[in-house]
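Here it is, the structure, as structure tokens.
By letter and in written order, the chains are A, B and C; residue numbering begins at 1 in each of them.
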């Protein structure tokens, strides 16, 4: 009786010849499928798409840094003054714009939004470009004071029609700099001008790895940024 | 290798019919009910997991100081149970213990399913399970790596390795039988499906040679894992300075406990299966007895572990340690489980000095259940009771589980049984190929001597 | 998803008018700190930091920046400002310095220039900020429950013709401006009467003084000068008007630097151990009614009269010892506010007898206006006679707190016109016709006197959140001013045409030299009166069955007015560690006699009133006496306050509101057989013989100064030493001067955005306090010795929590901090298991998500708000350390000693907590670590804690067992 079941196998082949190929292909595919959920995300987080780099955002006002910085030679801190005093660099209050634009171009239709904001007292709703997560306590003032220049992180904004983020602003990126500079950058020498779009002494200039410097680890310890 | 491992001398065909037949003989009403119940419990498990992840582990009884409770107890318990399978199939294989043949597949299946249950908890018990992948070393954009000083990344590694190797080992052993199913299953559909999994196995001598080499290799690989996995798990506790955890005897003590509970679980499963499928001729009293003997041995090691714990607690002179072991456990909150652990793990196995207890199923089966219970209580004693009474009396707290805790434990039991029932219906419970070999050897020897 | 406290979560950016949180009053000139400015600042802040999350990849950050239209010169987004102001409690002002981030007050701290603060605060000051942001604050004026215009209401009041039968019911007031206004009100309404009422009544103090000196006076104690202090039921370290200052003075006399230093000896007789009692060298459990006898007995001994008082042997010994010490050394006796006038009078006589007056005690005219003026009973009397036409109640809540016998609710109903003004609705306000929302002190201008009479300024941190008026404005309206403006009135009073002086005054917060000089008045006491005083009290007719009730204002919610503040509700109380409710505190013997234990519910009957409370047994409590905490069981307040604990006010007899003797009120306590589990944060109060918080008495200490030698020093190890380079931060805590007052606990909560978990959370051991106070007590024969041990992250150099974290979420910083990185934490809780001090807290649920919008305004933007599933713990206020570091690095200098002060250290009234760098030799912190009596908790584990403790040294009288 069991013999019956044994004989049955010879009736017709279960699989056609090509099924081996299909089978092998299937196995390779399986392996890939297992690998992709590990590899793809790792690629994604490093992509500029994820870091929002190189996107020239449209703003409520077509503010052109090239004009103000290059042509007029206004330096960063004139408008973003709190970068020297506070953790936040800040976007200037409408009154700052109006400081000049009550005098010049005070009829320009381009500045309609500014004037409306100023006289109605409602803030201008800017699009945000540079962004670190909330659990990161980045402090502009100390970086400026220690001679890190705007360009280092923001790129040459003076050359941008619309501001875009040029650095990834990821944790790895921050750490690289904190490790490299070893925190030994001295305070900005008086000889040097205040950081402007053009002044680009930046980290490299002061990058003297001094391992025993007391700041080395204080700069890379977790609570330097996360509190 | 004695004839008591196989009663009667069935022909290959008969043997095949008996062992493969389990997969196509129609299951009765009882089966449907069993699947219904265990399936229901599986659904319960899934919904409770969803609830926990959705609301936060605050729905459990965990708190400060008892920040680890049911989740970790279940984890250690299940992973411990998982040990017997590999022990039987790998170590006994290397030691050429013939009696492993008729129980190794069942034991390995049990291992897989148990480890599966265990694997739920290390992730589920996290405050933020969605970041569990941070436990694995990978080049992160944050330039941060896991900490190797902690036992937990090793846990993750050990458990996943163990599961993978056990799976491969089990599957490799399965291939020849899948092939025979491909050749013998009644319907074409079945044969086609089994064929897919048989990896185009052809019984050629060369194939067999490669097969045996691979099997031996995996057995060699699996053997150290049996010892390593639970040693790593035990270091989750041993590396801490919690009184009652901080101890160097934990690794051997845990491994012994694991195999102890593992064999208990094997018996718990083996005995009903043997009855249901009428496998008395292939799973003989001899098998049961051997399992019982091993339970006794490992049970004695566990008992020794207890004694040493008590001794060291006194000998160390550390107040907290002494209070923990000598006062808090026997008299503190949850003392019931302490006495359960002591009686089930120390006293019950002693019955196995007595032959009837080793061979008579009506006695053996309930005892095996008691041991499972005892081992769960032991983990409760070690984990929860230690945390309840730590160094600062001001922060002593009494633990109370919630219905979610109990539900999840029940759910894993259901899920485990569910998987096991599936296994019983889908693949041969006993390795046909190995049974054939063994039968031939026996017959051959009998001839030689006759 | 852990996020930083951000505004877009707080207020939707955009048109404020659309925001329900912000009804009228938003359109003011944007030059000042009005809410519009706040809005935009917040919005700016929002834009600048956005709404990230730990899973930044998962949650889209805010993509908007909304800068202000015009930036006020004093404000820079991201730079906090500090303003000096004062908080007034029952007439006494305490000077504060309040921090404001982007124009929203976030943290209250003490004003070092203020005599009642000296830079410290108590738990009430710390928590008061939460009331400002209470989401249940009324949004505007009401008439019979219907919204009405506040301006119109005030105008109509100002236009009223002189009103007959006009009565005011106010908390005691000390404001000079208020005094003027009261005169002006009287001028306009000649028949107007002012009644003063606070559930915590201090009249007996003034009556006592009047009885001895012929007029009401305020005793000014010098605890820093006294060698012997006898407290007659006076919790002068935690529960009295000037406690913050007195704590500092007292501590200065107890702070042992060397074993040779002298320290004062403290005798305390009280029914239930109080923070003061827990520091006593000779504590005597005594029922409130017995105190008078004790006082008389001491006086008798001092005057060498035959002591004819019936005293138990133990009381005998105690009084003898106290009297002897008082005669020997420079002493002082202080009587508790709740004690009757006689006891205060006796205290004055004793002080006179031992020559304390003039040395350790002086007197000033009371800071409060009309200290012995009419009170609730007079008002009630007048109402019964139908003489009250209009009743104006400000803050006071008699419907809730008046004794049952008075039945004030019924009386109130008989008054034709009732106007009530309060910050939040309460039982009384809901029964008045008109309701005028009162401005929170952080929103209002004003002035007040401190306990010693110093004039203190109150200036607003923020424009009123909602329509509201201040008390001066209200009075001014009654005085006929149609648009009263406190700011204007203050300018008229203090500016004297010198804006600069005015600025300086506001900066300093106090009018320097405005405190009257203390003096010693002659005793004016007739022989008969004196005889009556010293005569023995008739022994109580009742048998041993009789039980006495002692009522005490809650250490957490005071008289109930702070019951709406969740921080206080969840603050473990110093002695019993009970949160979210009150209990009947009994001595072990009494509890046994009643056949009850912890958590057993008892029914307490006094006269007609009945209350059910769970029992808690307190060793060291007086027998045949139960201590009941006031301020709970609110029934018509804010949701937080309602239904917490039981209201025991009805039990209070009219005659002696502070206690009820079995005789007068027929007090009964009987078990109900039910149980109700109290939410306690500590269950075991003994050390089980583990030298955790060592103590010694002065003799032993002098004999063997290094009696804690076995509790410090490093164990041998191969691991590298972590104590070199960079600043090394550390903390020392002197358990000797810690009274367990818990100001630090609340301060920490306020500074670090620590969430509240509610009664059930506490019952399940899930409280989140980063800083707790472990209280251990040891039975020493018939006295119980208490020791408080503030327990926070010890910042171990070899931290057990660090090496078990699989993801480096907790790490050691080079400057010796045990860092906790929330955004890296995955919540294995292994660190908590491995922390022998159990100072780590876990977010079992998302505790911050449900926080209503206004409350989020209080968040400290420099501390991450933790979300579900992450571990958290004390960080030594790392945000303060790092910002100091940034300041220093910008100026290219080192951090100066004392530049970084942790929140707990700042709040501590006694200065028990000291923080700083190990390198800064000579600072208090470092000096203490060199003292012989310092120790490390669980030192034998060699965790090498950075937090060192100083053992408690007591100074018992050798003649007392």
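What we mean here is this: a residue touches a chain if its C-beta (ideal position, glycine included) is under 8 Å from a C-beta of that chain, and two chains touch if they have at least 3 such contacts.
Source: prediction; values computed, not measured.
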item: Pair joined by more contacting C-beta pairs (B-C or A-B); value: B-C
item: Innermost chain, taking as reference the mean of every protein Cα atom displayed; value: C
item: Mean-CA-position distance for chain B and chain A (Å); value: 50
item: Distance between the centres, which are taken as Cα means, of chain C and chain B, whole angstrom; value: 57
item: Junction residues of chain A - those touching two or more other chains; value: 45
item: Multi-chain contact sites of chain B, meaning residues that touch two or more partners; value: 144
item: Interface hub residues of chain C, defined as touching at least two other chains; value: 54, 808, 824
item: Touching residues (chain side chain A, partner chain C) in the complex; value: 45, 50, 82, 85-96, 117-118, 121-128, 131-137, 139, 141-142, 145-146, 186-187, 212, 214, 216-218, 221-224, 226-227
item: Chain C partner contacts - residues on chain B that touch it in the complex; value: 55-58, 61-68, 125-132, 134-135, 144-147, 149-153, 236, 239-242, 318-320, 323, 387, 390-397
item: Residues of chain A touching chain B in the complex; value: 1-3, 5-6, 9, 14-15, 20, 23, 38, 42, 45-46, 170-172, 175
item: Residues on chain C engaged by chain B in the complex (per definition of touch); value: 54-55, 682-690, 692, 764-766, 772, 774-776, 789, 791, 800, 803-808, 824-830, 832-834, 836-838, 840-846, 868-871, 937-938, 940-941
item: Parts of chain C lying in touch with chain A, wherever the complex brings them together; value: 2-4, 6, 15, 30, 36, 40, 43-45, 47-54, 56-57, 61-71, 76-79, 725-726, 808, 811, 813-815, 817, 819, 821-824, 862-864, 875, 878-879, 882, 885-886, 889-890, 892
